[in-house]
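My questions all concern the structure below.
We just call them A, B and C in the order they show up, numbering each chain from 1.
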Amino acid sequence: MAKIKLPATPSNPLSSPKRPGKKYGPSGVMGHAGEAGVTAVDWIDERTSLSGGLRWAMFRKVPKGTNWFYTLGSATMFAFLSQAVTGVFLAMYYDPSATRAYESIQYINNDVFLGEFVHGMHRWGSSVMVILIFLHMGRTFFFGAYKYPRELNWVIGVALLVMTMTMSFSGYLLPFDQRSYWATIVGVNINGTGPLVGPYLSEFLRAGPYFGATTLSRFYAIHMLMVPGAIAALMGFHLYLVAKLGTTAPPWIKAKPPEELREEKVTVDP
Amino acid sequence: MNKEQKEQYLRDYGTLKSQGKPFFPYAVAKDSAMAIVVMAVIIAMSIVLGAELGPKADPTSTTYTPRPEWYFFFLFELLRVIKPPALVPLATIGVPTICLILLFLLPFYDRGPERRPERRPIATTAGIFVVCAIGYLTYLGAAAGPPTQIDIPVPANVSSQGPEAVANFEAGSQVVAQSGCAACHKFGENGNSGPGPSLTKIGARLPAQAIQRTLLNPSAPMPSFSALSEESPTQFAQMVGFLAALK
Amino acid sequence: MADRKEPKSKYTVDRKTPGAFEGETVTRRRAMVVAGQAAGGVAAAAFVLPALGFAMGPIFEKQYQPWQPVGKVDEFNDESYVPRTITLVEGIGDAGKSTVYIRKYNPQLDTEPRDEYNDYIAISTLCMHLGCPVRFTAAAQRFICPCHGGVYDIVGKVTGGPPVRPLDRFYTRLEKGSVLVGPRFSVNSELRRFSPRDPGEPLDGVGQYLYPSRPSMRKIPGT
């Protein structure tokens, strides 16, 4: 039986095999510390294989001619993220009860450090998000970007628009000032004018025949759990489809086949 | 789009895409720059405009004039312009639902292969029309004051008669506003158009005596103001004077 | 349609399914698929249905509406309205209150038959278009809504704008010289009483069937 020669034990147990193109691998404690980031990412990637998807999403090509109009979608998403983060922090101080809601917002505005600033960001962020989503939709419409093969993404986008409007509607009851209260009364009654189911729908929204003790917490749950969850999920699907189908090119850009494939340049062997 | 057009599109798009640049870092750089602009706008609005809180919700109020957030003004105005009670469900549920369905199904009824806005005249015109309509309704909704407010500037022929005439005109404007005339009549930018006629230029059409007669003995459904003329004749005279001065 | 296949037999043996039993109609694979889907459906229903019922419970809960005193008999007259604040929902402070306009029954104005509940007329201040707060303007003898242009005359009937029915009312009765205000009810354009509806829900013609009354609030039976 032939003996297999074992490789020699490395003199320094901390030295690793050298990287391609480098003479030596990292060695010593400092060398390994420098590689810590790569090692951690490798460790995660070995167990999740996420790098493939990430590479697919990040290094896909964007057609030429892409201009600033194409940033409106990601800007809307960014406004949503800003709303989500400021909203979570507002929830730390807000109290969704009919007797305490207004006072808790007053407390946020007057006493909490940066309270009015964060509240203001959330309040005006909603306007900015609504404007951006409309601009994004206008761009998609006028550039004909909803056509084949992106029909489904348009439908998801309209659903996101409806949900964004639902967010603004359910959100402005929460400060519980005069405008909040009456706008909500009117909004709920608008739902009630649907024949047959309308009266039950408005009663479901109010949790009873009148604005009552649990109406605010109901709107609070809709505003901060139900609709944002659905928005996040649909936004993920919207983005997946964008990455899969590719962003559109501006409609007036004509596709020219690459130079070397033009008919007059291709020589055919006799 | 038929099968051939679909394949043509995919081929052209593939060519354009292959000549493009990678999403990271080129598009990401643009998106990030835009994100910074968005955040700067939000932060600036928050600092400049603050987070003002109105008076606490008061369901017992009978003087508050409810108005929605600005981006619902077009829906609000839609409810104001659709007057007949029988059409209320149409204004509240019908029109918005139909518009939403049309919006959802857009890619399924607009199936043409053309994408350039100038070669899609119907779609582009419809789009611009919708944008203008929403913009106009938003403007009207924003301008709609409560029916207890009339801001008509003092006309030149009144201000030339001296400060007493101006004071009378303004007092009359107050009386008219508080009497709720604007609930049924239009006064310049204020008030509702109907069921009563516009009173913006009533003084040019009717002399003061005729106005007074109408106020005392109106035709239904307008109420009579004879009680006001008996209880406080000065206020009634100011009311008539104000209306007669609207030319 | 010439080469249309013969209809398949329902027995797996006739269909030549491998491993078929005599008299078997559902393959074991198919039985597993159905069982798997059914089990998943039952598991999902087990949390969805209770949660939905939990959220929709208030629709079927009867709202308690007490009679509450609003003042002595001599505080009200039969020519103009006196505003009073009543509590609709208890335990939430001012948010559960509302304003009603109260006036004595006036045979010259009121056409509906008198009974024990309308010695005093109590009119709700919610506009029957979409629920904005209306205000009684004495000079014009009109209820005026600040939102979408609704106008009502002195008995609460619509004289202009989009409201779909007259202003809602409350039952009133007398007790030891005090006026008590009770549950709310809605009226159609002839001032006939109906179980309370929300604003924007017409009661004339087929309206009362298109917008049914709800279990949470009913009018007093027989009125």
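Criterion: a contact is a pair of C-beta atoms (placed from the backbone, for glycine too) under 8 Å apart; a residue touches a chain by one contact, two chains touch by 3 or more.
Computed from a predicted structure; not experimentally measured.
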Higher-contact pair (C-beta pairs counted), B-C versus A-B: A-B
Most centrally placed chain, judged by C-alpha centres: B
Centroid distance [mean C-alpha coordinates] between chain C and chain A, Å: 39
Rounded Å distance, chain A centre to chain B centre (Cα mean): 33
Interface hub residues of chain B, defined as touching at least two other chains: 56-59, 61, 64, 66, 88-89, 92
Contacts with 2+ other chains: residues of chain C: 95-96, 130, 132-133, 147, 200
Of all residues in chain A, the ones touching two or more other chains: 176, 181-182, 185-186, 190, 193, 195, 198, 211
Interfacial residue positions of chain A with respect to chain C in the complex: 97-99, 176, 181-182, 185-186, 188-190, 192-193, 195-196, 198-200, 202-204, 207-214
Residues of chain C defined as touching chain A within the complex: 55-56, 58-59, 61, 63, 88-89, 91-93, 95-96, 126, 130-133, 147, 196-201, 210-212, 214, 216-217
Chain A contact footprint on chain B (complex, rising order): 1, 6, 9-13, 15-24, 26-28, 30-31, 33-35, 37-39, 41-43, 45-47, 49-51, 53-59, 61, 64, 66-72, 88-89, 92-93, 100, 103-104, 106-108, 110-117, 120, 123-124, 127, 131
Contact set on chain C toward chain B in their complex: 83, 85, 94-99, 125, 129-130, 132-137, 139-142, 144-151, 153, 158-165, 200, 202
Contacting residues of chain A [partner chain B, same complex]: 57-66, 68, 70-72, 74-75, 78-79, 82, 102, 105-106, 109, 116-117, 119-125, 127-128, 130, 132, 138, 141-151, 154-155, 158-159, 162, 165, 168-169, 172, 175-183, 185-186, 190, 193-195, 198, 211, 246-249, 251-258
